[in-house]
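By letter and in written order, the chains are A, B, C, D and E; residue numbering begins at 1 in each of them.
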Amino acid sequence: MKVFWAELSRDLLLAYRRKGDLLNPLLFFVMVLALFPLGVSPAPDFLSQLAPGVLWVAALLAALLSLDNLFKSDFEDGTLEQLLLSSESTYPIALAKALVHWLTTGLPLALLAPLLAVMLFLPSHAIPTLVVSLLIGTPTLSLIGAIASALTVGLKKGGVLISLLVIPLYIPVLIFGASAVQNATQHLPVQAYLAILGSMLALSIVLAPFAIAASLRVSVSS
Amino acid sequence: MAALLLNITDLYCERDDRVLFEDLSFTLNSGQILQLVGKNGSGKTSLLRILCGLYHAYEGSVKFLGHEIDEDRDSFHRSLTYIGHHVSVKAGLTTQENLRWYAKIHPQLDVQRIESALASVGLAGYEDVVCQNLSAGQKRRVNLARLFMLPSTAFANSLWILDEPFTAIDVQGVAELENKILEYSRAGGAVILTTHQALQISENVSQLNLDNWGT
Amino acid sequence: MVKKQFMPKWFYQLASPKWCYQISGTLLPYFLITALVLLTAGLVWGFAFAPQDYQQGNSFRIIYIHVPSAILAQSIYLTMAIAGGIGIIWKMKVADMVAYACAPIGASMAFIALLTGAIWGKPTWGSWWVWDARLTSMLILLFLYFGVMALYSAMEKPETAARSVAILALVGLVNIPIIKYSVDWWNTLHQPATFTLTEKPAMPVEMWLPLLVMVIGFYCFFASALMLRLRNEILNREKRAGWVKQLVSGQ
Amino acid sequence: MKVFWAELSRDLLLAYRRKGDLLNPLLFFVMVLALFPLGVSPAPDFLSQLAPGVLWVAALLAALLSLDNLFKSDFEDGTLEQLLLSSESTYPIALAKALVHWLTTGLPLALLAPLLAVMLFLPSHAIPTLVVSLLIGTPTLSLIGAIASALTVGLKKGGVLISLLVIPLYIPVLIFGASAVQNATQHLPVQAYLAILGSMLALSIVLAPFAIAASLRVSVSS
Amino acid sequence: MAALLLNITDLYCERDDRVLFEDLSFTLNSGQILQLVGKNGSGKTSLLRILCGLYHAYEGSVKFLGHEIDEDRDSFHRSLTYIGHHVSVKAGLTTQENLRWYAKIHPQLDVQRIESALASVGLAGYEDVVCQNLSAGQKRRVNLARLFMLPSTAFANSLWILDEPFTAIDVQGVAELENKILEYSRAGGAVILTTHQALQISENVSQLNLDNWGT
């Protein structure tokens, strides 16, 4: 537990030091969403049909893009090595890393989503479902993403490779998340979808940190 | 009296089809300072990383206090301080914050000693400077400050593995560090280090030349 | 490290690249011949003699390639993940090499399944591609294979690459049940399973028997391809071992 | 000229060494496109309406994501410093860098686009316009992107910051590119749009390398 | 006879509100070896980067052969070889490819000499090894090989700026490098270098201690 807090507070402090960077995933989210009315069509009906999927796709891409730096800087300055030489277990450290990622991307995204939903003409009764689905779904994205990030940390060209590894694993989350919002726009039940998202989250909280820790060991020992 | 800390038997390691060492066996007792020497590329860093458990592509056995290091990793790491080629200092944190984090992930380090450790490495007054704004040598000094944070009660039967610790350190800094190493070994700690410079201290020091073990 | 005393003898032997190379050398011709015989028989039977489908006419015959390759794509992924897992847990070099050898074969199977499906989709559903659950999950499987192969090629050392890839393959395993059950969980255009353990197939015997022959033939083909790649890889990675040098110089 | 070829051949060699990485932008492109039918809707009519915009947005994102590494590794290993200490002019070096980026992302993307256009049900008579617009538009993306990449290379968290700098500059390209394809689907004339894309390209070939070189000097000297 | 290569007048530089040097003036003649000394953080690296034209936050003037270095950058760079803290070697390329690239962007280097330069730094046989797979010292040796690629006809009135060139280099390597520096200076080249180790050569060597110039 102590290492969990140590890691969490260090990484949050680092994030706070570069306050500007905290805004980046958010701004990216906003911009990707802004590309659609520009690139596709500005018609409200069309956009409102598009909204559930596009909001989720943009959230996914924003989470994806910030993965690259999750372990990279620790790897490069050698602090990752030192983490793995800690006498404490690596599980809490891995969990803390994924949590920081979520706190700095998924959470603010979910909180900002209602605003953007309005801009994309998503029916307002679907907004609570949007927020809840993002709140349950994005932590899974962070956890899975952290695995891929840990796997690729030792490699030079991480950026695009991570996307490649991660997108197939993100797709189930995307499908259930977007379907939930889609159903909500049509006043259909959403509990089943949210429950599936929840169980994915539970599963990844339990298993992902092990995979993260193991991947980190491999990446460092090469 | 001197406990057998490390027992290395029949170590074999090759990289890129070149055998770095073969049938390498040696032991390290508490209080001993072992200086690895050898040409560039002779395998010093590789050996040190193997001993830490950071590199696994080897054959043979590495025992710490009688246990394979991979089996009883946590207790081994509790006795180990490793300083590698990397600076191991987060550029975005201040010197103090860096050391505080170290103390949390390595419980054997003493948080109380941060200030005195910084002073010992000549960085008094730099407590709140972000490490990005330090010179090459100063960054390495922050990393070395960890050695000064270990309480002397934890010296006995613990191990320092130092890969070129004197890199970028000025003359006076090197002398102080060597004294610290000597003090540590006198109190029962064991040290393995590499350096291309000659050591000024000679008490307890033995050498292992890796040039003789490979092909 | 390996606790060799707890393993049965064959497991220990499998771990030795040399033994593996020899045993696969003995087995390879049998598998290769069986594969050739079954595949030719199945193809001729399926394409020339099996009855026409009353709805789809002759276009259904592509099933004899589509279904086996779809099944194989999934089985191979499973093999790869399991081999990777064994490689991690018991530090078995041969298992790593098996996983490595699996990836491109599986990817090509997945690709063939997609291609034949697309060709089949045009006459039956009226479009090359629909975004249906099974089709999509198959596409994801192909992407997973690509991810695995990309990770392999991005990493310099085969030993570490093997461990990384194994982790990735194990995580990707969640996709397999999704492919398998997607037809049952969602309403889709796609056909549900023909072969189940509990029920008789809905197709007439003359139709599914050649299919069964093809499936077994594909498995044999996979086994042969796997062994070929494995043997290559063993020689490549063990090129400094005494027995390999002897073998090479002997030739 | 000699440095142009030296830089070009070095970077292409590096790209070739990691052949796998060459595929990554392509695969990313494919995957992002696959997200839309999954997240939004699989209905062919809907997709074919979406296709022009989404294809361009995906190309833009693929180009964007691979920007991060354009100068980063050179900066980190110190070879960028050495480039700037060359007695040769920096203009050809900057141009070579941008060209390599285009050769490894924009070009393959444009060549692959027809296949994906079919999967998204883009009317086939619009495909030539799609390819041509991508061929003219993506080099501009690489050139502009290289400026942003040069500006951010000294900073730790480049990834998302680059997107912020670059997306506003990419939007004109996106709008004209997507509009060209949109018009093509409706059998409307597209020459005007392509001409605008062409002039943007001409302008950026002339000016961008100066901006890139200047940004690199600033980034290195801090 | 010895030409005045570098003329530094009234240099002033501060970083982080600390004055590194003030009113610093000195000259460097061809054939001279100037060793910068000073504690960690005294500003050696900062000074060298200013002299190369890589760092601009200073006041004062730096003239090379009578011209401000920023004004006639190209001809200055044609006479300059800078070896900094970084390895400056692309991990994905082989040793040979790295040097070939250097020769192209720095036309004063001679492509023909790649093999002999690699041999001179003890890397004969490593021509086709990817630099990723080299040890710390070997990577630095690849970087140093550039010094051996300069044809001796280009020695006169040219300048080497070396920031801790002996880092990670083994004893024998250091001796060889020092000889090379001496040979270079005898042929009319000028060298500014920093190192925390004592130099074995003394001919043509002078020292500048930066500890005395700041506050």
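Here is the rule we use: a residue touches a chain if its C-beta (ideal position, glycine included) is under 8 Å from a C-beta of that chain, and two chains touch if they have at least 3 such contacts.
Worth saying up front: this structure is predicted, and the values here are computed from it rather than measured.
Each step here moves to a touching chain, and the least such steps from chain D to chain E number 1.
When chain pairs are compared by their number of contacting C-beta pairs, A-D comes first. Chain B and chain C have Cα centroids lying 48 Å from one another. Chain centres here are Cα averages; for chain B and chain E they lie 30 Å apart. Annotation: 57 Å between the Cα-based centres of chain C and chain E. Of all residues in chain A, those that touch two or more other chains are 18, 73, 76, 156-157, 161, 164, 167-168, 171, 221.
Among the residues of chain B, those in touch with two or more other chains are 57, 85, 91-92.
With touch defined as above, residues shared between interfaces to two or more other chains in chain C number as follows: 136, 143, 146, 150, 154, 156-157, 160. Those residues of chain C lying in contact with chain A across their complex are 88, 136, 140, 143-144, 146-147, 150-151, 154-157, 160, 163-164, 167-168, 170-172, 174-175, 178.
Those residues of chain A lying in contact with chain D across their complex are 18, 20-21, 24-25, 27-28, 31-32, 35-36, 38-41, 46, 49-50, 52-54, 56-57, 60-61, 65-66, 68-69, 73, 76, 156-157, 159-161, 163-164, 167-168, 171, 174-175, 178. Interface residues of chain E, counted against chain B in their complex, comprise 15-16, 38-45, 85, 122, 129, 133-138, 141, 164, 167-174, 196-197.
Against chain D, in their complex, chain E makes its touches with residues 49, 52-56, 74-75, 77-78, 80, 82, 84-93, 97, 101-102, 104-108, 130.
Against chain C, the residues of chain D that register as touching in their complex are 18-21, 23-24, 27, 31, 34, 37-38, 42, 44, 47, 118-119, 121.
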